[in-house]
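Letters A, B, C and D mark the chains as written, and numbering starts fresh at 1 in each.
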Amino acid sequence: MSLWEYANPQKFMQTSAAVLPLVWGLTVLSLAVGLVWGFFLTPEAVNFGSTVKIIYLHVPSAMMAINAWVMMLVTSLIWLVRRHHVSALAARAAAPVGLTMTLIALVTGAIWGEPMWGTYWAWDPRLTAFLILFLFYLGYIALWEAIENPDAAADLTSVLCIVGSVFALLSRYAVNFWNQGLHQGATLSLDKEENIANVYWLPLLICLAGFVLLFIALVLVRTRTEIRARRIKALVARERMA
Amino acid sequence: MELTVQDLACARGGVPVLEGVGFTLRGGRALLLRGPNGIGKTTLLRTLAGLQPPLAGRISAPPETMAYAAHADGLKATLTVEENLRFWARVFGTRGIDRALDEFALRDLAQRQAQNLSAGQKRRLGLARLLVTGRPIWVLDEPTVSLDTASVALFGQAVARHLRGGGAALIATHIHLGFEAEELDVTPFKAKPRALGHFDEAFA
Amino acid sequence: MIALLSRDLALAIRAGGGFGLGLAFFLIVVVLVPFGVGPESTILSVIAPGILWVGALLACLLSLDRIFALDYEDGSLDLLATAPIPLEGVVAMKAAAHWVTTGLPLTLAAPGLGLLMNLEPAAYGWLVLSLALGTPALSMIGTFGAALTVGLKRGGLLLSLLVLPLYVPTLIFGAETVGRGADGLATTTPVLMLAGITLATLALLPFAAAAAIRINLR
Amino acid sequence: MIPDLGKYASAVLSSYAISLVLLAGLIALSLWRGAKIRRQLEEVESRRKSDG
């Protein structure tokens, strides 16, 4: 059996309906455990005080913000090469999730930055790169919304996603060059100097898993919605033709 | 030059409109496409001209053999008749626009800007472009819109000359053009909603 | 292809405003800034590289939606797509025409506006060089954005949203070149990066833009 | 058993509040739109069947 069978919409609908309850269950479980553990049961860090608890939201959302774009890139390429509609629709479904993740990473970063760096917003390379990523998500979503013909929209957004990926990487490098930043040292020192890996790592790991699962659950739900919406469109067009 | 189309299917806005289209067009012949509005004549012509990929089927001649002309003439309002024609001649790598000017009676208008032409004159200029492309198969979508009787006759003569020179023409039109041509009604090729199993085909 | 370029330039000249509009916009942006930040020449000279680059970038953005819109409306784009010129060449020529009508005049006018912004004398050469190197990339990226949105209603705003994030690397390296030039620092890295971005953009984006146009014409 | 968050309480709490609100909003929106589209599809499908 080939992996591509899951690209058949009907097969996808069946499989996703079967796994969704499980994914939702695991999502709720891991997020509940991870966040409760992180929020209630971890000590304060020497350098950060209680703000270290923000890490359980900030790092997973930042990771998913990037992973969502990577996933969109992969599904866009699959669409362009193999013309599987589910793939294109999954990319469309992932974009708003990635946008929200980026927003969470930005907001928690800003709130964390205020006590740590004395300012909500610094043009730190990582923050700036996420701001640019946010703009890319906005443009991508806007292009999907603007184009009537669904196949053309899938094609054009795929092209934008590929070109955008290249420019996003380029921007990341450019921004690094433009401002050396405050970010990197801060996160690294947490693990190295104080060597309290286990206390913080375990709940963080669970939160990371929770965010991944949440992303999968949301993308599955949204892709199912997009498939149905697409089918409505096709059926209505057919009615008009008959 | 021969154009053979086999079992062609084409879509408009992602919805299949025609399927199983087949015909043969030989050099020196013209084929008139008939059928009600919205049946997909324009879609078929655009597919043949290479502007959109067919859903299925074979087209024997490559798009490089076809000169496509549609409702919009692609004229630039601020350029003169001569400049418009010369531009297309250079794009298509051909020399000389004199024949085009003469056959469509544009000689007297050569120095006039396209924005100062009447609708029919513009149309004639748009059709004159076909001659400077130097391509053997003309693919024309409603070429006689806004032409008066005299201009239609002019156009008919131009097509007839093109056919005598070994060219071919595929024309979607509702009127008689004054030269001998086969006709093809595309209505029977209307795409039938396929029996719905489920899904993937429902996307198309 | 030369025919296409010369036709587009002739059209720009005859339509009027083709050359002037972007330039006037650039001038207005640069003139408005001192009203916003105050007339102290020290502050102005610090922000001059950034303002000049942002102004040039916005002026470029202004005329992007016209790159393909007119040809799309009058059917020329259909005809060009069926012409013997590869569509990639058409796109490249469109970008070139856009550059000649906006990027080039902006580059030439920038030193004059640098005076208004009290730019450091050492930076003038770098300003012209960075704009000369960077504006072709702006035109090409903008042409790609225009290709994505050709035929869309209300495409103009969307076009800006799509293109602006793509402009970031060019803007950073361009303004950095001028800024470093003004401070008498080494400018090799940003100049090389700017040139690299422009070259890569000119080499690759015509293919993406041509693909986008084919999709849009379907 | 709310832990003592010290002087950073507002930062930590607002981070959690904003993030959870955003996530809840996204989830609610996804599910709501999913349900809406599903109803629409059912309606269209039933119309098609009743037509024959």
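Some observations on this one:
Definition applied: a contact is a pair of C-beta atoms (placed from the backbone, for glycine too) under 8 Å apart; a residue touches a chain by one contact, two chains touch by 3 or more.
The chain list, named the UniProt way, goes like this: A = Heme exporter protein C; B = Heme exporter protein A; C = Heme exporter protein B; D = Heme exporter protein D.
What you see is a predicted model; the values in this text were computed from it and never measured.
The count of contacting C-beta pairs peaks for the chain pair A-D.
The most central chain, judged by C-alpha centres against the centre of all protein C-alpha atoms, is C. Per-chain CA centroids place chain C (Heme exporter protein B) at a distance of 41 Å from chain D (Heme exporter protein D).
Centre-to-centre, using mean CA coordinates, chain A (Heme exporter protein C) is 48 Å away from chain B (Heme exporter protein A).
Computed from the mean C-alpha positions, the centre of chain B (Heme exporter protein A) lies at a distance of 52 Å from the centre of chain D (Heme exporter protein D). Inter-chain centre distance (chain A (Heme exporter protein C) to chain C (Heme exporter protein B), centres taken as mean C-alpha positions): 32 Å.
Chain contacts: chain D (Heme exporter protein D) has no residue touching two or more partner chains.
Among the residues of chain A (Heme exporter protein C), those touching two or more other chains are numbered 149, 152, 231, 235.
Chain pairs that touch one another: A-B, A-C, A-D, B-C. Within the complex, the chain C (Heme exporter protein B) residues that touch chain B (Heme exporter protein A) are 2-4, 7, 10-11, 14-15, 71, 73-76, 78-85, 217-218. Of all residues in chain B (Heme exporter protein A), only 13-15, 17, 191, 193, 198-200, 202-204 touch chain A (Heme exporter protein C) in the complex they form. The residues of chain A (Heme exporter protein C) lying in touch with chain D (Heme exporter protein D) in their complex are 35, 39-40, 44, 49-51, 53-54, 57-58, 61, 96-97, 100, 103-104, 107-108, 111-112, 114-115, 214, 218, 221-222, 224-225, 228-229, 231-232, 235-236, 239.
Across the complex, chain A (Heme exporter protein C) meets chain B (Heme exporter protein A) through its residues 8-10, 13, 85, 148-152, 227, 230-231, 234-235, 237-238, 241-242. For chain D (Heme exporter protein D) in complex with chain A (Heme exporter protein C), the touching residues are 1-9, 11-12, 14-16, 18-19, 22-23, 25-27, 30-31, 33-34, 37-38, 40-41, 44-45, 47-48.
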